[in-house]
Amino acid sequence: MNASPFTNPSTGAHVRSVRSDLPGDLMEVSMGPHHPSTHGVFRMIVTLDGETIVRLKPVFGYLHRNHEKLAENTSYLGSMPYTDRLDYLNSMTNNWAYARAVEQLAGIAVPERAEYVRVILAELTRLLNHTCLAGFLMQDCGCSGTPLMYAFREREKILDLFESLSGSRMMCNYQRFGGCRVDPSADWLARARQLVEEYGPFLDEFEALLTGNEILLARTQGVGRLSAALAINAGVTGPMLRATGVNHDLRKVDGYGVYPRFQFRIPLGEHGDVYDRYMIRILEMRESLAILRQAFAGLPAGPIMNPAAKLRGFRPKVGEAYGRIEGPKGEIGFHLVSDGGPNPWRYHVRAPSFINLTILEDLCLGHTVADAVIILGSIDIVLGEVDR
Amino acid sequence: METLTQLRDRIAALFPAADVVLATNPSPSAQHALRLDATHARAIATFLRDDPALQLDQCTNVTGIDWPEKEVVDVTRTTVPDPAGGAPRVVEEKTRRIEPGRLEVVYHLYSIALSHGPVVLRLVTGNRTDAVTLPSLTPVWRSAEFQEREVYDLFGIVFEGHPDLRRILMWDGFKDHPMRRDYREPDDYEWEPTPHGDVLAKAKQHYPAPAPSAPSTP
Amino acid sequence: MSDPTPTNPGITETERDELRRHGILLTGLEELYNWGRSHSVWPLNFGLACCAIEMIAASMAKFDIARFGSEVFRPSPRQADLLIVSGTVTKKMAPQVVRLWNQMPEPKYCIAMGACAISGGPFKQGYNVLKGIDRFIPVDIYIPGCPPRPEALLHGLVQLQEKIRNQAIAGPDAPRHLQAEGDCNCPIPECGAHDIEPAQNGALWPKPPELVRPTKS
């Protein structure tokens, strides 16, 4: 039951990463944990027949930094900065998911203005994540550097906004239970509005370079197809799920925050391949821009924090809650169990990119190693969240 | 969707031998749970997935929880009328009992087809040492595959019927289950520049106090 | 810079400037050698965690690490001069990091980027987190921050360049690669039943620091 992947099942001998004792011409190759295409310290043990993948086993844990254990030994608020470091591209949505879980656990109301600010920051995060993903996906296709430079140029603009609001570029630590930490100023909102106006033309330029590109079409269309039934059964969420044609977006299904007040569409794919996943993200960015415009227009005045919310000495009553939001990578949820003490008794992160990796082997079988790199890129993983 | 009580009654009618308990959640989230017995868990899970009125097709979240053995004090208050005719007295009677240690797995189910949920399932092991086997729900929901491996790795719950039950986050030769409450981490603790609280206690334990130097004589 | 340079003590900076005015450039072998080395530090394309994103950002348009000659991120350790440990090193990952370090040819340098690589950082109390990569491999530059900004990484790189420029090419102070037994291969730890074994490289981390309790006088 506990056979190591490095152990030959028939002889029990320790096997090196490239092994020659398999029947026929099969070869086992270890990709990672140091591999330029694995987006961090991810490892895949790939069995190849020629160049075709016949077996693929992911190996996790190279960035397992004990987030859940640390959270059980610190206060509820003390875990907020750690959530930044889960999916370190999207600290704002991680904050929101955790704050929402605690708000459900303790029954804390959130003022209207804070809900709007949360939507603004979550959609900016979605823009940031999807732009970077498109850049990294092109990098995986072999388009070394240039699209990523375009993506990071735009990312810096959003990070500047985050920095001037929260004090930190990447690790924002901005949301609190019952609101947000600081109120965005009128000047900040004006700059954010300007960024949103400039983002559309950037997307046009980005798409003109990429979307119809012959090489991109050849490398991604029909690669890594996922069926809707498997996607649902395997718990796949987010753009991965919608690329298979399943209309499931928590912003619509749960209608959390103030999302029901906004008009936006959910882009759906048809083929479930890598190209659809890329296109879904581009289209989602356009919808995010629409949400942002409506949020700026409707942003009410008022407090940013619920004055009744308690930050110090916060002890929720006995019980538990599972809170989830639609993060850029999929459903990010937090399961909290309280025993009435100042620390959570159990703190669990439902990490979207970890569960989306369940079907990695199914997607890669029959494809070549070069395609596996693109398929992994299209799943959009961040190792901080996969291993926690 | 029907209420959880109705659902429990329906399951009890369909699986008369099964022991299904409604576990209430007192928090404002009101996400109540159904505690299933290990024998019927997979059959009930399959029913929940396939029943046309439920269609719980997505198993979103799988967690383990460790409940070590602990002493619980039950307080029962009884009102005793004062024989002298005064105001009745309230007598508190305290009984101590040992709540046995156990491990628990929690499954959060949602329906994408019908947009409802969550339905929370809980499975409990017999104890924390040798009766830690539970049925795997991976054959019902593929999404449980890696999450059950994680629970096995961090809590040591063995899932029967799991296709590939190996450690997932820690390395293969690792012997402990680090998310259990009584896990002792390796003692490679470093002292901080200004140690205090737990850190100081741990540092003192790791680095024995230096021998008191002899008082310098003038 | 008015002192005579230690490599060519026969000529002062003023005289060198005088000669430069006449179109004659004078330099020492050491200076030239170190000048070349310090401006072509090729980092290993090796990201561990959050800091890796800032490392990528440093190599992108806005911060442009190419200005300092270090834009050539090599995917193979055999071609790299600089190991940027950019993020949390877990105990599961530590053997691989040490192995990568051993695979790099001399001269090689190591930057510990971010609080986690320096000491474990916010994850210090984790059971699977290594409390600083300097327990296993020698670190030249420490960059604090969680994560450090790209500017901080650039500053660390400039500090490293200064360190390289000031290395003597002969004598007892010469860098490792110019000495007879200059190979800096570190023993690779193994993942054991409860912890990695050994928990530190004895040559680099000889004994735990003594716990000094402040005494009130």
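By letter and in written order, the chains are A, B and C; residue numbering begins at 1 in each of them.
What we mean here is this: a contact is a pair of C-beta atoms (placed from the backbone, for glycine too) under 8 Å apart; a residue touches a chain by one contact, two chains touch by 3 or more.
Predicted model, so just to flag it, every value in this text is computed and none were measured.
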By count of C-beta pairs in contact, the leading pair of chains: A-B
Distance-maximising chain from chain B - centres being C-alpha averages: C
Rounded Å distance between chain B and chain C, as computed from the means of their C-alpha atoms: 45
CA centroid of chain A to CA centroid of chain B, Å: 27
Approximate Å spacing (C-alpha centroids) for the pair chain A, chain C: 32
Residues of chain A touching at least two other chains: 61, 64, 66, 69, 387
Numbers and ranges of chain B residues touching at least 2 other chains: 169-171, 173, 178
Per-residue overlap in chain C, given as positions that touch at least 2 other chains: 92, 127-128
Parts of chain C lying in touch with chain B, wherever the complex brings them together: 92, 119-120, 124, 127-128, 131-132, 191-195, 199-200, 208-211, 213
Touching residues on chain B, where the partner in the complex is chain C: 169-171, 173-176, 178, 183, 185-186, 188-191, 195, 203-204, 206-207, 209-210
Complex interface listing, chain A residues touching chain C: 33-34, 36, 40-41, 61-67, 69-70, 73, 81-82, 85, 88-89, 148-149, 152-153, 155-156, 169-171, 383-384, 387
Contact set on chain B toward chain A in their complex: 25-29, 31, 57-61, 63, 65-66, 106, 108, 112, 115, 118, 120, 141-147, 154, 165-173, 178-179
Contact footprint of chain A on chain C as seen in their complex: 45-50, 52-54, 56-57, 60-62, 75, 87-88, 90, 92-93, 96, 100, 116, 122-123, 125-129, 146-147, 149
